Structure formats: C-alpha cells, structure tokens
Amino acid sequence: MKRFIARRLMQGAVLICMVATIVFFLGRLTGNPVDLMLPEDATAEDRAALTKTLGLDGSLGDQFVIFVGNALHGDLGRSIRMKQPAVEAFFDRLPNTLVLIPWALLLGMILGIPLGVVAALNRGGLLDRAAGTVAVLGVAVPSFWLGVLLIFVFSVELGWLPSGRMGGPEHFILPVVTLGTFLVAGFMRITRSAMLEVMESEFVKLARIKGLSEGVVIWKHCLRNALIPVLTLWGVFVGNLITGAIVTETVFAWPGIGRLTYEAVIYRDFPLLQAVIILKSILILSINLVVDILYAYVDPRIRLA
Amino acid sequence: MARLMPRVATLVLLLGFAWAAPANAQDQKGTLVFAVETLGAQTLDPILEGRPGNAVYQAAMYDSLVGFNLEKGGVGPGVAERWELAPDGLTWTFHIRPGQTFHNGDKLTGHDVKFSLERQMGPGSLAAAAASMRRTIKSIEVVDDLTVKVHTTSPQIGLPAGLSRAVAPEGAIMPKAYIEKVGEEEFRKKPVGSGPWKFVRNVPGDRIEFTAVTTPHWRGRPNFKDLTILLVPEESTRVAMVRTGEASIASIGPETMLGATRAGLEVLSVPGTMQAIFQFWGTYKPEVKDSPIAKVRVRQALSLAIDRKQVIEHVMNGKAQMPYPFSTFAYTDYLSADRWKKWADEAYRYDPALARKILAEEGYPNGFELKFANTALPGTQFMVDIGTAIADMWTKVGVKVTIKHYEWGSFAPMERGDQAGLVGWASMYRTAGRPDAPWRYDGAFSPESTQRLLGDKENCQETCQEFVKTYRALLAELDREKRTALTDRMVELVTNAWTVIPIIEGMGYYAINTKKVGQFQAIAGRHELGDVFERIPRPEQKPWKK
Amino acid sequence: MSETVLDVRDLHTHFFLRRGVVKAVDGVSFSLRRGEVLGLVGESGCGKSLTALSLMRLLPKGGARTIKGEVLLDGENILERSPAAMREIRGRRISMVLQDPQTSLNPVFSIGDQLREALLRRHRAPRPQLTQESVEALRRVEIAAPEQRLGQYPHQMSGGMKQRVVGAIAIAGQPAVLIADEPTTALDVTIQLQYLKLLKRLQVETGMAILFITHDFGVVGRMCDRVAVMYAGRIVECGPVRRIFEAPQHPYTRALIASVPKMTGPIGRLTTIEGQPPSLMDLPVGCRFASRCVQAEPRCLEAYPRTVQVGREHTADCWKVVPA
Amino acid sequence: MAVVDPSSRASLWRLLWPARVPAGFRRTARVPWIPIVIISAIVAMAVFAPLLAPHSPIDQTLRDKLLPPVWLDGGSPKYLLGTDAFGRDVLSRLIYGARVSLIVALLALIAGGGIGLLVGIVAGYVGGAVDSLLMRLVDAAFTFPAILFALLLAVTMGQGLGTLVIAISLLLWASFARVIRGEVLSLRQRDFVALAKVRGCSAPRIMLTHILPNVLNTFMVLVTLNIGVVIIAEATLSFLGAGIPPPTPTWGLMISEGRGRLTDAWWVALIPGIAITLMVLSVNLFGDWLRDRLDPRLRQL
C-alpha cells in the first residue's frame, strides 16, 4: 500500500510538471494582459511601462526559468489583476467551492444510486426506462441553461429562493441542483450497469441458494459490489464538478475557484491562471489518490493485494 | 485670525446645512446593494487599478482632486475647489476645499495631494497614466495646507481633466500620514479615504462593503447607512437579483433593457458614456492603394449605408442617440458642440440609394469584399450586436462583408507594430466618454501614435500633416476661443477624412428596483455610479434633482 | 430402495423472448431418492443447468419461466410455493453448488461472513457460536487451519479451496437435496478428483441426495448411482450407471459414451457426433436427435418417440429400442 | 477453442432489422424508435437546411424583432417560432443551428475520436513504455480542465469553427483512448491475434487488420455516446463567449443571446434549449441501446 501511494505520488508530480509547462506556454500565447488592464485608448508609452512593471518584458525562455525557480519554492507568482499572491487568491476562494461540491456529490448519489438500483431491478421495464430518461435528461440539459431557468422560475417568478451569491442554506439550493444534476445521470448509469453485472454473477446466485431474502441479496451483496465502480468514478466526478463550477459559479455569482478561473482567462491574468490550473490539477490528483485509497478499503482484492 | 476665519465660516455653513435639511440628514438607514458585472482588480489601493471603469468601487471611498460638472457632465470642482494655469502655461495651481478629513480623522491637506499624485506616478503604480504623468509632471509643490502647485515640463491644458474622475482615476487622494505610518500592505487591507463612504470589508470575488460617513460631506451625506457592491458576472442573474430585491441597482446592457422594463424595473440610462465607431486601417498605405477603402467616398458611402436610427431603436432599444463626431460629446471641452450636432445629424443620415450611387460611381456597382473585425470587451455583448447589424446593412448595399469577432485582448496586439493583420480592414469598437478630445485624437491619428489612422511616419500626406500642425498648435494654445477654433478644425479634418466614423452615441444602463431606491440621476458621460451613490435617495425620500 | 425425495414431473421451462420461445427445458421428468446420486448428463446447451435452476426456482432474469410440470420435494410441489416460502426451503431443504468457484463467492465479504450468513439459515445463534460452527463447516470440507481462513477473502484462496467453501456454504443448512452443477469443471484435473471424493464422503455422511450435473461421462461412473441423459430439453435415457454404460439404448447415449476416451482397453478412434443439436426455438416434431442419428427412419421424423421401459429402472425415448 | 475473428459481428443495419432471430440471443431493450425519429429529423434539418428554412438565418429584419411564436398573441404566421432580437426567424436559426452543431460534432468526433482510437490501439497493443507514456498523457488530459483549455484556445486563436473543433477534440480524445486501450488489451490476448503473429504479420498490420475492426463497435458506441457531450460543450463554450462567433447560428449561441430575455421573449432561449435537450437525450438513449447491443461490456460508460 505504501509503495502504491508512493508510486501514485511520483506519477502525480510528473503530471503536474507537464500541466505546468503546457499552461505556461499556452498562457503566454493568449495575448498581453496589459491590454485589459489599461483603458482602450492608452498610449504605447503607458503600455510599455506597465509591461515592464509586471515583469512581462523578458523573453519567454527567461520568464519560464524564473517561473520554474519560483514554483519550486511554492511561489506561483502574484495575480496581475488582484495583486495578491496567486496561491493565496486560490486558497481564499477554494473553501467557497469546496462547500458546494460535497452537496452536489451528495445530491448526485442520493438520487442517482437508488435510481440506478431500481432501474437495474426493473431492467427493460417501465421504471428502468423512466429512471433512465430522467437521468439522461440531467446530462442533456446544458447546465448554464438550467441555472438561468432555475433562477427565473424559483427566484424571479416564485420568489422562493435567492438568485445568487453565497449565504445561508437557501443560497445553496439552486447552485447545488445546477451543479449536481449531471451527476445524477452519472451515478445512475454506473450503479445500474454495475448492479446488472453483479446481479448476474454467481455469488448472487449462491446468496439466493443460501435462502437469503431479496433485500439482503440486493442491498447487501449486490450493492456493496456495485459501489466499487461507483467509487472509482468519484475521482472523475469531483474533477467534473470542479470544472463544472466554472459555469455554475458564473451564473450564481458564487465566489469560488470556478469563477476565479474564468476571470483569470478573461483578464489574461497569467500568474493566476497558471496557479489556478496547477493547483486545480493537484487538487484533482489528490482527490483521486484519496479515492484510490478509499477504494482499497472497500475492495479487499486491492487492499490485500 | 485670518487663518481662523475660513474655518469658522465653514463651521457656520455646516451647521446651517445640518439645520436646513434635518429630514435628510437625520437618519441614514438600509443598505444600498449595487450589482456589477466586474470589480476589475477589486483592490482599494487606487494605484493598483488601471481601468477607469473598474474603479467604480473606489469612487465611493476616495475623493478625486478634480471632480464633476454635475449639470452637463465633464470636469467640475472636487477636492480642489478651483484651479488655474499660470500665464506661461507651465504651472497649475490647485486650491483645496477646506475642512476635509479622512475617515481616520486626519485632515486632508496639500501634503496629501502631493503624496497621492507622486504615488500614482511612482514605480509601484499600475495606473494607466503613470508613465505620461512621469513625463509631463516636473515637480509638485505644497504652497500651504490648501494650495498645491503642479509644475509641468510643457503646457498641459488637459492636466486638471486628467485628474478628474470624469476622465481617469489618477486624481484619487490618499492619506499620506496614515500610509506612511502603517505601510502599503496594511493600507491595502484597511484603506482610508476621504469620500462619503468608509471601507468596511472586501471579500475577493464577491463583494465590497462600505458604511456611510455620519458627518456632512461635500459630495453629499449618504441616505443609506451601508453600501454593498456585489460582483455578479452573469447579466441575467444580476437582473433577477434586482427583481427579487437582493440587489437595488444593477448594471445592464441594452439587450436586457426591454426585459427589465417589462419586469417592472426602472431603467436608468446615462447619456454620453460611449461611442460605437468603425474605422479603416492603413488607408494611406501604398499596398492599400487599389483597395476600395482607400477611397474617401467609398468610406463615406459605407457610413451612408448604416441606418443608425434602426440600430438605436432596435439594438439599443431606443436608449442611444445619433452621435457627435468621433469621440466628442455634448460635454466635450472647447468644442462647438451644437454646431457639430447639426452637422452630424445630416452627415450621418441613412441614404442607401446615395450609398449605392457612390459605390457605382467609384467603380463598384456590384459592391466589393470587405473584411470587418468586430471587437468586444467582456460584458459588452451589444457591441457584437451592433457589428452584426451594420454588417447586415452593408450587405444590403451590395458589400460582401466577412465579419470576424475578436475579444479585445486578442485584437489589441494587432494594432501594434506594422498592423499587418489589420491593414485594409475595417474594424469596430467602443470608445469611452471623455471630456477632452485632443488626447483621444492624438492616440488615434498622430503618425507616431498606436493607431495612426490618418498616416504613419512614412506616409503622412496632406490631411495627416495638417492634423499634426493643428494638434501641436492646440497643445500650446491657452486662449479659450482660439483653442475652441483649433479643436473644431481638428474634428473637421478627421470627419472629412472618413477613416473613423461614429455609429451611435451610447449610454450606460442600470436596472433599478424602485422599492429599494428612490429616483436619482446619473452624471452624464459617466458610465459608473461611483460618484452618485451618496446622492441616491431611499424610496420614501424626495427624488434627487441635479 | 428408499423413498423418493425429489420427483420432477414433466417440467417445462422456456425463455420467452421477443423473437420467439426457446424451449430449453421441455418435458423433463426424473426422480431422486434419499441418499442417492443421480447424474444428469448432456452437451452444453441441452438444458441441464436450467433444469437445476428451475428446481431452485432461480431462473435467470429476462424471460425464463417454468410453465408446466411439478417439482415434488418430499411430496410437496415447490413450484406452487410463494417466493417467500420458497426462500424458506432454499439452503435448508434443497441447495446447490455452482460451477465456477472463482465467481461463486462474494469478493467483498470474508469467508467467515459468508459462511455465518448461511449457517444463520439453520438456526439463530450468537455470533461466537456461528463462528465456531463455521470452523466446523470448513473442517468438514477438509480445509486446513479453518480459524485463519475465516477472516480471509475469496481472492486469497485457490480455486479448489473456494469450491470447498462453496460446498460448505451449500450444505450449511443441512439440505436433503444438493444440486451440483458441474462443480469440478473449473478446477484443475488433480483437484477435481479430490473434490469428487469430498462430495461423495459428505453425501455418505449426511445422507443427502445429490443431483450431479455434468457433461463428462467419466465423472458419472465415479460418482453416480443412476444417470439421466439429456438432449435438447428432454431426458432421452435414464437408468442405473452400470446399465447405461454396459448397454446404452438411445443412439445419443451410445454416441456420447463412444466419445469418452477409455482408460482401459485398446485405444480406438474416438467418435464424434456429426451435426448440430436442433434450435431450441424451432424444435422438430419428431425425435430431436433424428437429424444427427445414424439409424434414423421416417417415423423418427414424424413423432416424438414414446418412453420405453428397457429394463429395471431403465427407460429410453427411442422408436428403435424394444421394450424389455 | 474457436479461432474466429469476431469482427463480422452484427452491423448496425442487422441490429435494426435482424434477418433471422439467432437462438439464445440475449434479451435487450427494444429499438428506441422515438429517439431515432428525433435524431433523423434533426439530421434531416441539418442536411436540408437551405430547403427547409423559411428565412435566412442571419438576415435581420429589425422591425420584426422579438415577435412571439405563431400560437401566441402578436405572433405572425411568417415566423412560426417567433423572432429574436434582430428580427431573425428562430425556426430558421434552429434549422441552420442543427447544421452547425452537427458539423462541430462530426468534426470533433472524427478528430478527437480518431486520435483517441489511434492512441488507444497503439498503447494497448504495443504496451510497455509506449503504453505508460501515452496513458500518463491521458491522465494529464483528464486532470486538465478541458473547458478552460477551450477558453484559452478561443482567446488565443480567436473564436471560430477550427478553434472549437480543436478544443472539443482535446476534450474527447483521452476518454476514447482509455476505453479503446482497455479493449485492445483484452483483444491482444485473443487467439486470432496470436495466430496472426504466428503467421508472421507485422505489428502495424495486426493493428490495422485484426485489432482495428474489432474495436470499431466500441468506437461507434463511444462516438454515439459522445455526440451529446460535444453538443453540450459547444453550447457551454458559446455561453462563456468562446464558441462560434455570431451571426452564425448555433444552438448554444441562441441560448446565450436569449438568456437575458426569459421574461419578455422566452422563446429565444427556451426553444434552442429544448432542441439541445431533445437531441442530447435522443443520442444518449440511442447510444445506450447501441451499446447494449454491440458491446455490453461497455455498460459502465
């Protein structure tokens, strides 16, 4: 297990280096942030001066060397727009996204897993098709459209819920629904297919031969096995959520890292953009690692291998 | 004794004010929630925010050396009550309004003014005009607590305008003693200004909170107790928040206006905040010689093909107007504005028949192919819409338009260097409302400038040379009338060249929930409400009239 | 001879698919006596396994239904039991060992958990007692160091060992009938023999009856008292093992036996059976083996043959055989 | 043990119209006719757009702006689904939008899916260091927020079809590669591959003639299931201002342009939203069915 973790950490480090390099050069391709910081009619003199102030006047190679050097010390530069260390900006906003994600995940699981089980039990039946359609609907609706519609219906027309911003529990409902909807389908699909696979397996037959009740067979023997693939996809889903947060946070004025990312692109805030993508990658990788470890605890085949 | 007199006078005045308007001054209550699409750098250190429009949140807590003309827009008194230029044109003297204090209780004096301007010019400044200030300002001299002299290297007629928030944010006055005591870092965390709103909290990516000063303020004592400026990037969410009352006011684009009105919201439009223009690149260059856009009449025909009334009516939902000549407005300094208004109404009319006729006469009876770059800053969807609309209108007179959309960030680099990507193209963008024409004209037309739309150093022909002459004369001219004549001449040269052509004069738009705020007016030409917050009444109060 | 414990009469289990009906079990009858081992032999796809699952009433999902027939367990037709009542007897009166030990055990529960669950079916007992009984059960299937094994997971055991555990689980409820569905097919040859011996020993010890399903006539000789030969959904011949080996009556049985390599005697050509069994969805009206039968006559194609008593306890479905 | 190259397995046509019912064929859900009809209708819309659209999708009639659909008060029979803010016919834009959406989907799936297919086959078949390297790349691609990447590209290269296709392909290839590699890993063990090796076939030849045909079913299933992903991605990028630039009609852009007008002109944003939802729903249901039919092992997708 230790060696497994160590190997994963090594792979992760290599991945992060790759991502960092790609991001650095791609970021530099996207134009000069100075143009977005100055008024449209700023003079060339002003522009040159600001470029120098921001340290963007060196060659790309020089800038990269400096970037790598600083990164090794945990310094990913200062946000050009917000003038605060990019790492700090990221961690300022991270909690706001992290309070959103578990709820979305929970929503996806609470609805998706039972739906998946029910669909598997009624395979090919009306319930299966109904559950499938409902779940696929979750993927089929573009989340920004859903968000805008939800605001329109529940906030503007019915006046039940606030339309945006962080705040009390009622502020969480619409963003969580918007963010979590596509997960319902994901969880439902995987649970269903895993259940189908498990339900056809011999050990389920043996459990029945033992004379166990249907409830025990389904919810203990089947589901426990079916949850293994569900858990593997946790990592992927959390990754999706972190990306999906870009749209959701923009629609709901949620000050999390999703919007920070979007703003970093819009304002060509190189250091921030680099930092955000690198830190996000680290975050996603860590979550995946945690999931792998969890996975090992659920599945003895891995734990004891 | 002589020094005491003004203070006593001020005290009496202030008491009188408090007595005269007790209903207005007594209670400050409620929170004014203002939702905007961007908070820019979201920093409260004035030297760290370069884009004037983004500094809306700074305007609440900082006063500017030069202020507004609330009547018609443009420059008016601010921290300095008045200012004058020495006869040699090299020294501006600013007379500071007495009795101003910072939120920490310190008095605002000439030392703060000198400190603030020098900080804006300093090495750590990201201010847009930092470089030009360094070049033009020789020294700043504090004559006494209420008098400051700015010595310039050459005559700078536009200096006070440049220190007015009507033009740029560089005039913000910061507390010298406080910053020197606590240091820059601490100042950024706990900023102190002299405006009618005190800083409370800055939550990055979400909001900035202020609370009203309780004493009278020359800009007006706020009617609300608190002010929250919310960052809500998605426009439909902003409008939804105004509808539900989560926000009192939100900035909106023209495309949302109709919906906001139908939803029972008040829409406030601020006149003269910008001009949508289109322009032709490198028309004077040898390689463009054979291109249709090298011909003045063709360029004019393209203007005639634009139905500006339709754009105003349908794209801008009626909340826009026929433009003045390029980058000029009703409030532009030293301009015969009325005369130009009349001229523009005629010149910028819609006459597709004439447009077709001109095209035929110039040898393009079947039109020609035109490459058209449309640029938009984040949050200006209507610019894309206007571009789409005029491309369609050009198509109707037979021009085959290839439209390409750029984000501002990818367009700006194309202007630089040899402009290879743009020569022979038409492009379109938005220019902000500013009271000083010459500055903007310099950036667009001088052969050394970035855009150099009349000619570059190698190809500076008649109009270009004439422009350079006029512009130089204008810079040195101190006499008001002569200056106006020169400005008119400069504008004339540019209008007759038809290389930069205004489409419409646009406005700033706000959706307002009248249950949350009373009636108020914005300052013409000022897209941001930063200097208006303190004047916004509560719903039950009397509307604010200018 | 002792009494009949399981009597299957005219069992029909069909798959109802959109495309048609697959008559996988189509009129199977046989009986099983207490303490007896009955072999059920046939090619793959002839319906042996489905017969077993029909007896357990654990038909695969997706359209399989028993539409006709009786399964009398101690004289009671268990097909008429409610699902809950059926669950009552599974594991306790009738149980089953599955083919593949690799997949028969739930990978995420320990051996102990799975055994205890089965033992709990026999009687409600406190956990320590169940654990003690689990150890006993493992010992009975000849697993060394059973105490340690309890905490282990299936993936930590060999196939042979797993199959023993499956056996232990299957007989934990002390059933009167055990169905063994090709229990050794997936095991190594060397282990197969051990396992068969174990099964035999357990059968002798407990006196349960075993329905032993296999495609391997060699195994039948070693294990069974009687054997029933199944072809295309029906039992075509049934009789004591020795009789069947010595005097197979049905051409199919003969062909099957001829295809088994003999351990003794001269090495002759192994015969194979030409052709394919008929589609279970489109069965012929006549003898189902007719299309492959070297002795087929016109009447074989016209009607299904009657069941002929060819000797004591020995029957065969063939027009060509002569009643004893 | 059969040494049969199973690439001759059921074609799509055979699946829809089985010539003969194979015995013991596993029971699967019924043919999803409704989704097939919807998909066909949308494809027909895309192909015959110029014939079907009553108006030009980009010509503006500003005077007729924001007219409601014909069944509402104020609607005009001239514009069945109403008009947008420029007086463009929503129906015509919807029809042409189908074309753009499908072109984007097609190109992105060919590019992204193709790369994924290639990487998957090479990684799975060659194995070893090549496999490790390629799979690390795939991992990196999964870590990298794809939408962000698309945004970056859009601001770098400018908005446009090419940018969009590249961005979406980059979003797709990794998941294709991962699944295909898994398939190839198991195929590599199969006898017909061993036999081909014994016959002395070269590695590229085996990949081309033995591996490729056998993963095509999986590939087709992946393609179908990802059409929805592409359509949503296109719409999302349009929403974030990085899609195909106006005035070219795309469904995403139509929603994006109309989203501020839900109160007064809901049809501008709602109708394309419904179209996207219907389309994605249909391709997903169809894909599910196809997967069950062609490649039940992929059920976890």
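Quick notes on this structure:
All chains are identified by letter, namely A, B, C and D, in their written order; residue positions are counted from 1 within each chain.
By definition in this document, contacts are C-beta pairs under 8 Å (C-beta built on N, C-alpha and C of every residue); 3 or more make two chains touch, one makes a residue touch a chain.
Quick caveat, the model's predicted, so the values are computed rather than measured.
Nearest to the common centre of all protein CA atoms is the CA centroid of chain A.
C-beta contact counts were set side by side for A-B and B-D; A-B has more. Chain A and chain B, compared by their mean Cα positions, are separated by 40 Å. Annotation: 90 Å between the Cα-based centres of chain B and chain C. Averaged C-alpha coordinates put the centre of chain B at 46 Å from the centre of chain D. Centre-to-centre spacing of chain C and chain D amounts to 49 Å, using the average Cα coordinate of each chain.
Each of residues 27, 155-156, 259, 262-263 in chain D touches at least two other chains. Touching two or more other chains at once are residues 236, 263, 378, 409-410 of chain B. Contact with two or more other chains is made by residues 62 of chain C. Every residue of chain A that touches chain D in the complex is listed here, in rising order: 11, 14-15, 18-19, 22, 26-27, 29-31, 124, 129, 132-133, 136-137, 139-145, 148-149, 152, 156, 189-190, 193-194, 196-197, 229, 236, 239, 242-243, 246-247, 250, 261-262, 265, 268, 273, 277, 280-281, 284-285. Residues 123-124, 199-214, 221, 224-225, 228, 298-301, 304-305 of chain A are the ones that touch chain C when the two sit in their complex. On chain B, the positions that touch chain D within their shared complex are 235-236, 239, 252-253, 255-256, 258-259, 262-263, 310, 313-315, 378, 381, 384-385, 388-389, 391-392, 395, 403-407, 409-410. By the touch criterion stated above, chain D contacts chain B in their complex at residues 58-60, 62-63, 65-66, 85-87, 154-156, 158-159, 241, 245-247, 257, 259-265. Listed in rising order, the residues of chain D touching chain A in the complex are 27-29, 136-137, 139-140, 142-149, 151-152, 155-156, 228, 232, 235-236, 239-240, 252, 255, 259, 262-263, 269, 273, 276-281, 284-285, 288, 299-301.
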